[in-house]
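Right after this note come the structures.
In the two complexes below, chain A is the common chain; its partner is chain B in one and chain C in the other.
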Partner chain A sequence: MDIFGSFALLLALVAAVYAFVAGIAGIITRRPLLIKSARNAGMAVCVLVALAVATLEYFLQTDNFSLAYVAAHSNTALPWYYKLAALWSGQEGSLLWWTFLLSIYVFFALFLNRKRHPELMPYVGVILAGVQIFFLTLNNFIESPFRILGAADGTGVMHMARIAEGSGLNPLLQYPEMVIHPPMLYSGYTGFTIPFAFALAALLGRYPGEKWIHITRRWTMVAWTFQTIGILLGAHWAYAVLGWGGYWSWDPVENASLLPWITATAFLHSVMMQEKRGMMKVWNVWLVFSTFMLCILGTMLTRTGLVSSVHALAESNIGGWFYSFLGIILAVCIVAWYKNRDYLRSDNQLDSLVSRESSFLFNNLILLAACFAVLWGTLFPIFSEWITGNKISVGAPFFDKVNVPIALFLIFLTGVGPLLAWRKTSLDGLRRNFAWPAAVGVASGIAAYIFGFRNFYALICLILSVFVTLTIFSEFYRGARVISARDHTDIFTSARELTMRNTRRYGGYIVHFGMIVIFIGIMGSAFNKDVERQMHVGDTMTIGPYSLLVQNYDEDTNANYDAQRATMEVFRDGKSVMMLYPERRTYSASQVTETIVAVESSPLRDLYVVYSGISPDTNQPVIHAYLNPLVKWIWFGGVIVVLGTGLAMLPNRRTGIVLRPVETRISEPISPEGAVAPAMAPITHRASLNE
Partner chain B sequence: MAKMGGSVNARKKFVIGSFVIIATLVVLAYVGYTQSKTYYHTISEVSAMHGAILQQRMRVSGNVKDGSIQHVDGHIQFMLEEEGRTMPVVYTGTDPLPDTFKDGAQALVEGHLASNGHFQAEQIQAKCASKYQATPPGVAPAPSQTMANPAPVGSGS
Partner chain C sequence: MTFPRLFLCATTVLFLAAAMSGSVQAQQGAITAPPDTGLSPAQTARAEELGKRVKCMCGGCDDAAGMCTHSGGNFAGPCGVAKAELKEISAAVAKGQSDDQILQAAVQEYGPTVLVEPPKKGFDLLAWVMPVALPIIAVLLVWGVVTRWRERSTTVPADGPPIDAALLARAHRESGEGDE
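Now for the complex of A and B:
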């Protein structure tokens, strides 16, 4: 049976190589049959990899411990859904999973466009096949998930070994989120391959027109959504399972997932400059290229343990492969750009500092600065070792110092940018749009200061958040009012109508609002409190408005783990409000310690209680309690962001309004009715993925 | 960045604005760097050190020498050993040590060197040497003790 899986993988590699070679031959000879067969081969890769994945999963589900991978990452007692998760919990499996998700994307990219863009698609197919060849080579020859346990005897004959029980899945991974977090994050990572392929293909083939930029944008949005979900689920998992009271520690693996997200976000903004004003073409192409390269870099960081991470990664020797692959991609990108740089000449130029264009430029500048700072900090141990011979790492203060002001500036741009007119905004327009949201924002800042809210950054964040939220809602309100006056509908129906008529614009506002909610949640961390104490039974600790009384400690020992558990009663204003049961387990098979955090979550604050262990000095249990304000807003904001993105990807509802040509409106300041007419900006492409 | 001829004035303002932003960020980055830089050293490097370098915050890895763990004045002391060299370590942190911290475990200590040659460790990560070498990817070991003061994003300190 294992032969079946490895054979499918080998055939997938053959198919990818064929798609690559036949694709190039097809581009040169322009023979339609050759191009078609290359495309079919590219689609076949997906089927073959799916067979390999199904085989591995079958082995996991049927506890076939003759396979090294199954023996190392599963055991009989594991429930089926964690056996499913075991598929991507180890090195070989997760690389196979990467290949699989990529091949699904490739399948759809090729299939949906089989009748379109005949000049562009052959190039796309070749580039995608090239990426697949790299990963399939790793899957087949370097990190094969189908290695069987066995040893050669004295005569060189292999003997299969089958062990009775596997070593099981790391208990830290046995958490519901771990079943969906990796597929989401990987769907993000792999998804950025598609926009990369389209951008590079358009450049190589000098594909006329701007169509490719719309396609690239749509696919980037898909991958971006998955990446967003993946990052937030990862943060939530860290918060709920790792038990250190936080959700983000600027660990290399976390940073790796953030980097392509930042550049993709920058691209999703600056792409509008290209669509509407024909500017920033070189910049956009390089953003797409960088996003993809950062995905590969992130995969490399995660898979090779290049930078030591608390996410203790299997050290492996595949680093060289990734370095070479990154080198090849970079070389191809530079050559493609250099030879075709005239193709990317800009049509327009910056007219005014107070314009939509310049807000996008600043947005990109600041996002790229964030990306660079995070990348630099992550790779600093490597750079410093190369340059000075000393390995130096930087910690959270470095990342916070740089990224907090960047985040605040981004919030500011979020409020201002969308309401600035293209080319040049008049002072009058500025005043009309921003006067009262800014006034209310500052007023709430002053009010907060009076009530004892003294943290500088948090205060700025509050003012900006109020300001931005108000500008977003007033946009909805002004647009909806015009519709409701005309159609005699109530304001909420009108707002929905408004949104559906220009999903991209209003979906975008919703995404912005969700980001504000997330930032408010992050701002809450400025007010985190924590208390750590040794506690006897009957002791009380006070944190914020709560008092925690230890009622009892007990222990539980079973075959799987030893647990120590505290029973704590929580009082507020002298009244008993709830019971919490923080626990600490040590799994006997793996010697892994797991913290079972007791969290009481409310929109205002989380009470987060950890059984830290036994004090080495006094043999007393130590309880660590955290009071984390507003954490829930982060998860809630994430949901809004994802919904908004989904909305922005829907096609616009057709309206009876006669669309006015774009050019006539471009230099006008924003007017209330401008929000209604979808023609205000040429964002009415009924673009869909298969465009 | 893409060409921006247009209004020379607008372009100039944009360049100045960008410069101010970047310069601010560089200063902030430098401050953050000096506050949080941590050197990785081996025990033999540490023992050869002297002077101002001793003020560095550093991480040193090695194995916990068998039978060396002892409680002195309410602190844990032990010997960290690597390639035949040893270094005395005093744990000054407040978190309980991870359960994996025991004789023979691989340990990573973070802190600084005291004038008496003892390493003052504020944080200790430990991993059971024999049993669990390859933790599955994407996973942190014994968490609360292992993180280097993981301040959350955006803590406006």
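Now for the complex of A and C:
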């Protein structure tokens, strides 16, 4: 059976190589049949990799520990859904999963465009096949998930090892979100391959017009959405499982997921400059290239042990492969850009420094500054060791100090940018749009200061958040009021109509609002509190408005883990408000202990309780309670961002023109066929193109 | 000063002011019951703050010593190594040593990797300078490019005969420009 999986993977590699070679031959010879067969081979890769994935999952579900991967990442007591997640929990399996998601993207990119863009698609197919060849080579020859565990008998002959039990899944990964988080994040990472392929193909083939940029933008939005969901799920997982009271620790692997997200965000903004004004073409192409290269760099950081990380996958010797691949991509991009740079010449110049265009320029600049700061901090320990020979640490305080000011400036631009007019904004227009949101923002800052809000950055964040929120809502209100006055509809119906007529613009505003909600949630971390105390049954601790009483400590056991649990009653103003059950689990297979945090979440604050276990010093149970304000806003903001992005991807509801016949006199000219030609008069009619 | 320049200056100053200001690390308002160290509350607070500036050197986690929860360990709290580091810090605080002396002693004992932030001297100063310097250079570059664009964007009459409007519309249509 393992042969089946290995063979499917090998065939997938053969199909990818064929798609690559036949695609190039098709482009050179312009033979349609060759191009078509290359495309079909590209799509077949998906089917073959799916067979390999299904085979590995079958081994996991049936506890076939003769396979090294299954023995290392699963055990019999593991529930079926964690056996499913075990597929992407190790180096080999997650690389296979990566290849699988990429092949799904490739399948849809080739299938959906099979009758469109005949000049562009052969190039796209070749580039995608090239990327697939790299990953399939790793899957087949370097990190094969179908390696059999062998054991030598007395005569030295190797046989398949018969192992009764596996080492089990990493306990940190035995959490429901871990079943969803990696597929989401990987869908983001792999998805950025498609815009890269379209951008590079358009450049190589000098594809006329701006159509390619529309395609690139749409695929980027899809990947960006997955990446956003993946990052937020990862943060929520860290918050719920790691038990240190936070959700983001600036770990290299976390940073790696943020880097392409930032450049893709920059691209989604600057692409508008190209679509509306034909500007920033070189910039856009390089943003797409950089996003893809950062995806590969991020994968490399996670998988090669280049930088130390708490949740990197097993260290291995695949670094050389990734260095070479990155080098090839960079070389191809530079050559393609250099040879075709005249193709990317701007159509327009900037008319004013106070304009939408310049706000996009600054937005991009600041986003790239954030990207650079994160990348620099992540890689600096390596540079420092190379140059000085000393290993240093770059931890969370560094990233906070460097990135918070950048993030605040970005929030400021989020409010200002969308309200500036294209080409040139008048001073009066600026005053009209910004005066009262800015005034209310500053007033709320002063009010907050009076009420004891004394953290400098939190105050700035609050002022800017109020300012941006008001500018966003005033945009909706102004537009909706016009529609409301004309159609005599209420303001909410009008706002919905306004949004559906320009989904991209108003969906974008909703995304901005979601980001503001996330930033408010992050701002709350400036006011975190925690208390750690030895507590016997009957002891009480106080944190914020809550009193926590330990009612009981008990134990539970099942095939997968042994659990120690605290039962705690929470009081507020002397009244019992809830029960919490923080837990520690020691997993049988790995003998690793993990915390299961008890969280009571409300929009204002999270009460986050960790049962730390028995103190080795005093042999007494210890409870660690945290009061984390506004954390729920982060997850809620994430939902708004995703909904806004979904809305921005919908087609616009347009004001259509419908022609209706009007009565004519008999003396009007008669058509050649002798019939009376009715004169047509246009009437405007609001109709959805989707209806 | 014209408004555009005023706008740009104001935004740049805001950014720089923010970049240059002090620490922004989320303050863990730790009100942990202090062990009996004989330190005053102010000294305890200082020792806790210093504990967050050095890493736990156990090799099994990536936490600061003062925030070590040692994920995966038997006890979700400071491991033996972190506790030893914190004890040394408390002792040094009790002796009246300065922050710098205490951190330097930690570097002497564990190497520069013990500090959670890169030191602000020598080559490692670059870690701090680059994220501020590069955006400034980029802003100046963009300013320069934009100024050049604006100077170039004076209208110059096109050479050759005027293009027929219908022909131009057809060219736009066929090249696919303008359709979403």
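By our rule, the second predicted complex is superposed on the first by the 638 of 691 C-alpha atoms of A that agree within 3 Å, B and C clash if a C-alpha of one lies under 4 Å from a C-alpha of the other, contacts with A are read in each partner's own complex, and residues count from 1 in each chain.
By definition in this document, contacts are C-beta pairs under 8 Å (C-beta built on N, C-alpha and C of every residue); 3 or more make two chains touch, one makes a residue touch a chain.
Fair warning: this is a prediction, and the values are worked out from it, not measured in the lab.
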Q. Mind checking chain B and chain C on superposed chain A, clash or fit?
A. clash
Q: Return first, second, both or neither, reflecting whether A:73 touches chain B, chain C, both chains, or no partner chain.
A: first
Q: Would you sort A:633 into first (chain B), second (chain C), both or neither based on which partner it touches?
A: neither
Q. Is A:412 contacted by the first partner chain B, the second partner chain C, both or neither?
A. second
Q: Identify the partner contact of A:391: answer first if only chain B is touched, second if only chain C is, both if each is, neither if none is.
A: both
Q: Scan A:529 for contacts with chain B and chain C and give back first, second, both or neither.
A: second
Q. With the two structures laid over each other on chain A, which partner does A:135 touch: chain B (first), chain C (second), both, or neither?
A. neither
Q.
For A:210, using the defined touch cut-off, is the partner it touches chain B, chain C, both, or neither? Pick first, second, both or neither.
A. second
Q. Is A:90 contacted by the first partner chain B, the second partner chain C, both or neither?
A. first
Q) Can you pull the chain A residues that chain B and chain C both touch? A) 172, 242-246, 249, 251, 310, 349-353, 358, 361-362, 365-366, 369, 373, 376, 390-398, 400-402, 404-406, 409, 455-457, 525-526, 528, 532, 592-593, 595, 610, 612-616, 622, 624
Q) Touching chain C in the complex: which residues of chain A? A) 171-172, 208-211, 214, 242-246, 249, 251, 308-310, 349-354, 358, 361-362, 365-366, 368-369, 372-373, 376-377, 380, 384, 387-388, 390-398, 400-402, 404-406, 408-409, 412, 427, 430, 455-457, 460, 525-533, 584, 592-595, 610-616, 622, 624, 651-652
**Q.** Touching residues on chain C, where the partner in the complex is chain A
**A.** 3-5, 7-8, 11, 14-15, 18-19, 21-33, 52-53, 55, 61-64, 67, 69, 71-77, 80, 111-119, 122-124, 126-128, 130-132, 134-135, 138-139, 142, 146, 149-150, 152-153, 175-177, 180
Q. Touching chain A in the complex: which residues of chain B?
A. 1-7, 10-11, 13-14, 17-18, 21-22, 24-25, 28-29, 31-33, 35-40, 59, 71, 74-76, 91, 94-100, 125, 127-128, 131-132, 134-144, 146-157
Q | Residues on chain A engaged by chain B in the complex (per definition of touch) | A | 72-73, 89-91, 94, 169-170, 172-173, 182, 238, 241-251, 253, 279-283, 302-303, 310-314, 346, 348-353, 355, 358, 361-362, 364-366, 369, 373, 376, 381, 390-407, 409, 455-458, 461, 519, 522-523, 525-526, 528, 532, 586, 590-593, 595, 610, 612-617, 622, 624
